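Order of writing sets the chain letters: A, B, C, D, E and F. Residues in each chain are counted from 1.
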Amino acid sequence: MKLSHLVKDRKIHHRLYSDPEIFELEMEHIFGRIWLFVAHESQLPEKGDFCLARMGRTEVLVVRQKDGGIKVLKNSCSHRGTRLCAAPHGHTGAFVCPYHNWAFNLDGSLKALPHAQSYDEQVCPGAADMGLAEIPRVAVYRGFIFASMAAEGPSLDAHLGPLAAAIDNLVERAPNSELTICRQKTSLVYQGNWKFHHENANDTIHPSIVHESSVNSARTTPVDMADFRADKGQTKGMMLANGLPPQDWAKISLSGSALGHSFMGGFYRSGLLSAAHEDDVAKAYRVALEKAKGKQKATEILAMDRFNNLIWPNFNVNAQFHQIRVVHPLRHNRTLVEGYCFRLGGAPDEMFRRASRFLTALVSPTSMIFGDDMEIFERVQKGLGSDGIDWLDMSRGLGRESPDDSTGGQMTASETASELPIRSQMQAWTHYMGDLEI
Amino acid sequence: MKLSHLVKDRKIHHRLYSDPEIFELEMEHIFGRIWLFVAHESQLPEKGDFCLARMGRTEVLVVRQKDGGIKVLKNSCSHRGTRLCAAPHGHTGAFVCPYHNWAFNLDGSLKALPHAQSYDEQVCPGAADMGLAEIPRVAVYRGFIFASMAAEGPSLDAHLGPLAAAIDNLVERAPNSELTICRQKTSLVYQGNWKFHHENANDTIHPSIVHESSVNSARTTPVDMADFRADKGQTKGMMLANGLPPQDWAKISLSGSALGHSFMGGFYRSGLLSAAHEDDVAKAYRVALEKAKGKQKATEILAMDRFNNLIWPNFNVNAQFHQIRVVHPLRHNRTLVEGYCFRLGGAPDEMFRRASRFLTALVSPTSMIFGDDMEIFERVQKGLGSDGIDWLDMSRGLGRESPDDSTGGQMTASETASELPIRSQMQAWTHYMGDLEI
Amino acid sequence: MKLSHLVKDRKIHHRLYSDPEIFELEMEHIFGRIWLFVAHESQLPEKGDFCLARMGRTEVLVVRQKDGGIKVLKNSCSHRGTRLCAAPHGHTGAFVCPYHNWAFNLDGSLKALPHAQSYDEQVCPGAADMGLAEIPRVAVYRGFIFASMAAEGPSLDAHLGPLAAAIDNLVERAPNSELTICRQKTSLVYQGNWKFHHENANDTIHPSIVHESSVNSARTTPVDMADFRADKGQTKGMMLANGLPPQDWAKISLSGSALGHSFMGGFYRSGLLSAAHEDDVAKAYRVALEKAKGKQKATEILAMDRFNNLIWPNFNVNAQFHQIRVVHPLRHNRTLVEGYCFRLGGAPDEMFRRASRFLTALVSPTSMIFGDDMEIFERVQKGLGSDGIDWLDMSRGLGRESPDDSTGGQMTASETASELPIRSQMQAWTHYMGDLEI
Amino acid sequence: MSAGYSPDLELHEAVRQFLYLEARLLDSRDWTGWLDLFDESASYFIPLGGEEYDPETGPALLYEDKALLRLRVTRLGHPRAYALDPQPVTTHAITNVSLTRKEPHLEVSSLLNFHQFRDGEELFLTARLQHLLAGAPGAFKIMRKTVFLTNAGGWHSVMSVPL
Amino acid sequence: MSAGYSPDLELHEAVRQFLYLEARLLDSRDWTGWLDLFDESASYFIPLGGEEYDPETGPALLYEDKALLRLRVTRLGHPRAYALDPQPVTTHAITNVSLTRKEPHLEVSSLLNFHQFRDGEELFLTARLQHLLAGAPGAFKIMRKTVFLTNAGGWHSVMSVPL
Amino acid sequence: MSAGYSPDLELHEAVRQFLYLEARLLDSRDWTGWLDLFDESASYFIPLGGEEYDPETGPALLYEDKALLRLRVTRLGHPRAYALDPQPVTTHAITNVSLTRKEPHLEVSSLLNFHQFRDGEELFLTARLQHLLAGAPGAFKIMRKTVFLTNAGGWHSVMSVPL
């Protein structure tokens, strides 16, 4: 049977989530081909800087080259496959294997090996095929490094399409247009399929329901706003925001593309985080931005009010709050979500504190908000079991789409609390997977 | 190869226990078709009462309907499959999904959903196919609720056959013929195949061997009978009972049917639990029973002296001591045994205390008796490993069967400590599985 | 595809280490056919003595028979497969199954069973096919018991070939030619493929690299030699020994055979353990040996200076230090290494203490030396992952072999820090596995 | 700093040492030594399921008086108690010991981290323990012991060694 | 033998009992009782990753003042807090309690072995705890609590119950 | 109530604090600080298998005198000790501390719950510890330390950090 039979206009077959065999195919045909975010340039400022990253289930080294370029290499020695580095990041002149001291240049080529005289000409420094395996395509978009395991395919620009604007906006929010990623990241694992994350992230029905406990707690707990010393009430604002009334949620715009990408409009209507609100810090920041970019440009930058910009299959940019998330599939029913925040170059320090608090409040394993999403993902996986239901429904708002003007019509938009983002994701899934037989 | 080749007259191939693939087929072709006990009506006295149950590996809701009937529904939301209920039991007017608040009526039909206006006519309250999946057949036999995942098949009565008498006897032991199940249940997991439980339960050779440590401890520990304040010596009696001499065990009658069912005669020959013995409590109970049912009927009821009434594949009725067990396959080498006891309507409270103590002493994970059975099951699974032996033997007493008069000849009986019950189980297994190819 | 395509002259495909399916075939076609060490006769001095052993993943009983012979029986009752013995060793007149008391003679034949009268003639004491499954071939070489699951195949002598000399040397190091194995064994598990162990054991490049931390610690820690009360500096000597300079390592001779066996020359150049060194204990021992065997013979025995004698696929004899290791595959990525030491009959007690300390220092889970090998094995398995590299290289020293005179040309030798031992192992692997299809 | 707060330090220590003694007797498989810690009128209760209830009103994971414990202890030492062959090796780690006087007795609350190794398999359980103690330091007797297992409402494998 | 060494025994006992009380409040889901142990100016910090850092300079597993803890405690008791339905059953076992005076406060170091059972799933975490306590025995208040998780640098599943 | 029973409370506390100190030194990877707790004549023994035996009569999981421990400690801090790179993070939780005088020494029995996290992998071990201590509170030295692992008779993965 062709996999395309498992995705219909309005329905998704449960095997997309519950079948380990389909997961293996996804690893090969999606994560083995598509552009994946692997690192931010600020992790690798100097020649010889490197960090570990995951592409699907493969561990790679992202390495700043001597010529300033970037290569992505498999983290496996070419002699016997030994994992080269275990440290998450570092600086080196060469990668030396712990087993027999084979040394590899920053570009992955074999640099030196002991007892070289015992080898014939096929194994010697610089020998073809004796270097570290190089990921064939690497591209950087405004500091965001992506790699693809496929030697051929659409360019990164073509892949990002209108979602590049989300990255642009994040970068431009830094007065000097320089971002620094923060090393402390959250690493949250849930027992559910990787696709749940993106399907949920732009689902505008769930927040007021799933997050009712935090909405309600924020509403009812009597705390003097001045008492929020640690975050000036930002977390409370985040908790409250999910409690928008249904009619307001329905007005949040949603856009999706055939590439699987989507984004939703912002929904922080009041408090510290709302675009409208401006306290001392926000003001100082705006002034810095205006100074750097001019008033009109700064206003445009700050006016882009979107929450989750989902770049399929596993990247999420929240430009407004200087956050990204990367979703790593581990097994068909197990997923890792990494969360990072950024320091905006030229902005007040306090802006970074806010981004830190935002990440802590939203994506940490102790989050009062995300904890309930995770619980839901696990309940979905349990409920699907091996035969809970046959087909999942994704028909909400079907047929009510219109071209999205904000993207020059490159995407489709909806203002009906639509499941349009899920349908976009399934369109991309079918593109990559549909012709395979199972 | 046809699976029927794995079961011979006197031999069972080890793959029936050690092969995960055969286990998958059992889940589909036995547990996916046959009548399975899911709940007792006393768990659901009121309209809107529900409880969770397992059918093979599928979690279901057993729900008392508005019309007093009972439906069994899969515990998975029809929208995205989310597990609806996690609480083991409860009372509700509707099942509301935690993800997007879709609400389902007690009969499983879709009752309401938020943002209904964003859907077309295929998704609306009452829409066909948008309700919870209903288990096609449900039948109640004297308060015991059974369900079958197969839309067609033999009736519950046909399935129970002569074993219905065991349920009858349990019910009639209540002076007012009303049973109340006790919510506290034991949940014991062993690392072995599910079939071991029933194969062992009516195996009359094993008790004096496997339980020698408890027989012997009960015999040799000097304890004054008056010191057994908690259970008046009942547990000691249970421990002693397994120590019948071989010739007496051989006289315990065994009956088996082609449907896989079997039962064994009682073997409590002395002490508190023996049919012969009557203390104050037993007397008060007998008087209550006689008052309610008449002397002759009461005598008949109490005279039915059977231990394990095994209803294939996974149910066990011990009418005399007001207990049932349900055996749930988890993996080919992992099984859950649930034990419940009943309160007899109209009987002295003390009778329920005795049933409670019986369950605690026999089926609890700390049981001095059952603990050794469990250990044996795990040793069998270990010994089978992947290639410990090729064929298991079940030939004891082969060829010495005769029609069982107590069941009007519907079953076959033996008084030779026979493995007849295992052969019956294998007959049923072959009926359900034999034609499948592997 | 034929498995022979996965092994080339100079390359090994990663699937030999990462593919569970290939592991299953190895269990059947290597461990299910080849001679495997199961016990040493000193574990079974008396009739009725027995011990447990592993052959691949099968648990067996090694049993001293009434006629003094040895049989190897599966540890699974012929009735229902129950694991018979759990104790690692013992003495008995019969094996009695815990489930139904079937009793088996030391030769595995059915001795007695309860309720025998309920069986027909096919199940009775002595009945054919009702005994414990016997491993078809058992052979003893100078006290070392080997067994093979294949009814036919090369003799043990043919299999051991020139490696028999390693066993000879170990035996002859006992003045009275009697060895006693010590019951305390080390049991170390690593998360990596079983083949890593033998591939590493005669790899003369790795020690100075992998063990640098212990070499260096031994070199730099200022400890007065007299302070080593527990082992007179033996462990320090072992730690130092790995630190030979590369040119000296290159001179350590390596020999390999088409049967997969290999050995390396000794490399303890100084200190307590070096062949050259002789302290009071070593002297007393030499004197005892000379007294028992004559001076010339004793000199020859002590002159055999080899470290790891690897008998493919999973046995390792270190004659000089009275140690053996057995490598048990558990899963494709999980392996158990058992280490034993011997007491030499007629030698000073202190010699056994040294063997004990040697085992503790080298093969214990807390070893300052072997701990780093284990870490490397796990890094190799991680690095291979599912697609870390395609092919492992084993070409070091390829083409520089010459016939090994010390084995009368039966083996091939190299003095170039060669990967010859690995190539030998792959030759044997291909012999057993190459024709299989996958 | 400690003014105004004076716990009976010796009593605390005595109770701790008593619980450690109980643990040690169990871990060293001195079953009769363990039994001797119980008063003749003692009860030992391990509730089932997540809810609180009176042991007289339903089944339990274990509910025994001293007479039944005597039988249990005999079996624990019986050579054919299969579930104890090979023998389990255990640690009963006791923490968070605190006291409440329930005159004339002492109610002791503590936590148990139980670890068992047997025949290659491990078992890890935790529980809150409640001991009702009679007698004076150095001569305590257990009147009642209740074990509130953390996973009381879950599935259990065989539990051979008392907790 | 003990001459020349005189720990303040009552203080040690008081601190232990205070930590046991905190554990008991959490294990009995008395969230507001737990909150009351914190001073109004308190902070509660669970660092992320393996390295030490100031909570003001980066994200954390948790970093809250008492105001935020108030919100947290409300949610812990909220009937629709999914991650707490069914309710987790926990043990917070506290060991290795030792004290350092940091006038006017007391710095307490201890170890936590945390075990949770919920809906058939178990979670086992360990951590080193650091409490900064104000006040006198019997009336301690937590000024600062830091939880150094053993696996701070690893992956985490949802942690609903405070550590 | 405590009459007639007078444990040396200060000694108990001193011993506990000493064991906690040892644990803390290990958990903070202060290997030489840990080594300093051992007397020059000390031995450290981790028996193998389930049976008791004299370390002089057979192999062990570990059996070292102070000289060997010196080597071990150097390696523990060596940058190329692969099994410690990345570094393990550990907790050594000590419970059930009880004392017996073995003049002129003190024999201390305790339980260890050990938890390790390293490179994404966890290791949980428990053991009974036996310390033979010399000297006075505040200046104890370890004469002998024996670690009876609960799973001494089972299979082990690499154990890098001392227990």
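In this text, contacts are C-beta pairs under 8 Å (C-beta built on N, C-alpha and C of every residue); 3 or more make two chains touch, one makes a residue touch a chain.
These numbers were taken from a predicted model, which means no experiment stands behind them.
Visitor: Based on the averaged CA atom positions, which chain is farthest from subunit E?
Guide: Centre of mass proxy via C-alpha means gives C as farthest from subunit E.
Visitor: Examine where the copies subunit B and subunit C touch and state whether the two sides share over half of their residue numbers (same) or under half (different).
Guide: Counting which numbers both chains contribute, under half are shared, so the two copies meet through different residues.
Visitor: Identify the chain pair with more contacting C-beta pairs: B-D or D-E.
Guide: B-D is joined by more C-beta pairs in contact.
Visitor: Suppose each chain is reduced to the average of its Cα coordinates; what separation in Å results between subunit E and subunit F?
Guide: 26
Visitor: Based only on mean CA positions, could you tell me how far subunit C sits from subunit F in angstrom?
Guide: 32
Visitor: Taking the mean of the CA coordinates per chain, how far is subunit A from subunit C in Å?
Guide: 50
Visitor: Averaging over Cα atoms per chain, report the distance between subunit C and subunit E in Å.
Guide: The answer is 50 Å.
Visitor: Which residue numbers or ranges of subunit F touch two or more of the other chains?
Guide: Those would be 9, 80, 82, 86, 93, 95, 113, 124, 154-155.
Visitor: Which positions in subunit A touch two or more other chains at once?
Guide: Those would be 86, 98, 210, 376, 379.
Visitor: Per the touch rule above, enumerate the chain pairs that touch, sorted by label.
Guide: In this structure, the chains touch in these pairs: A-B, A-C, A-E, A-F, B-C, B-D, B-E, C-D, C-F, D-E, D-F, E-F.
Visitor: Show me the residue ranges of subunit F that touch subunit C in the complex, using the header's touch definition.
Guide: That would be residues 43, 46, 48-49, 53, 56-68, 70-72, 74-75, 78-83, 154-160 of subunit F.
Visitor: Which part of subunit F faces subunit A closely enough to touch in the complex?
Guide: For subunit F paired with subunit A, touching residues are 80, 82, 85-86, 119.
Visitor: Subunit D touches which residues of subunit C in the complex?
Guide: Those residues of subunit C that touch subunit D are 86-87, 98.
Visitor: Give the list of subunit D residues in touch with subunit F in this complex.
Guide: Its residues touching subunit F are 8-11, 13-14, 17, 20-21, 23-24, 27, 86-87, 89-95, 113, 115-117, 120, 122, 124, 136-138.
Visitor: Going by the contact rule set out above, which residues of subunit E touch subunit F in the complex?
Guide: My answer: residues 1-7, 9, 12, 50, 93, 95-98, 109, 111, 113, 124, 126-128, 150-155.
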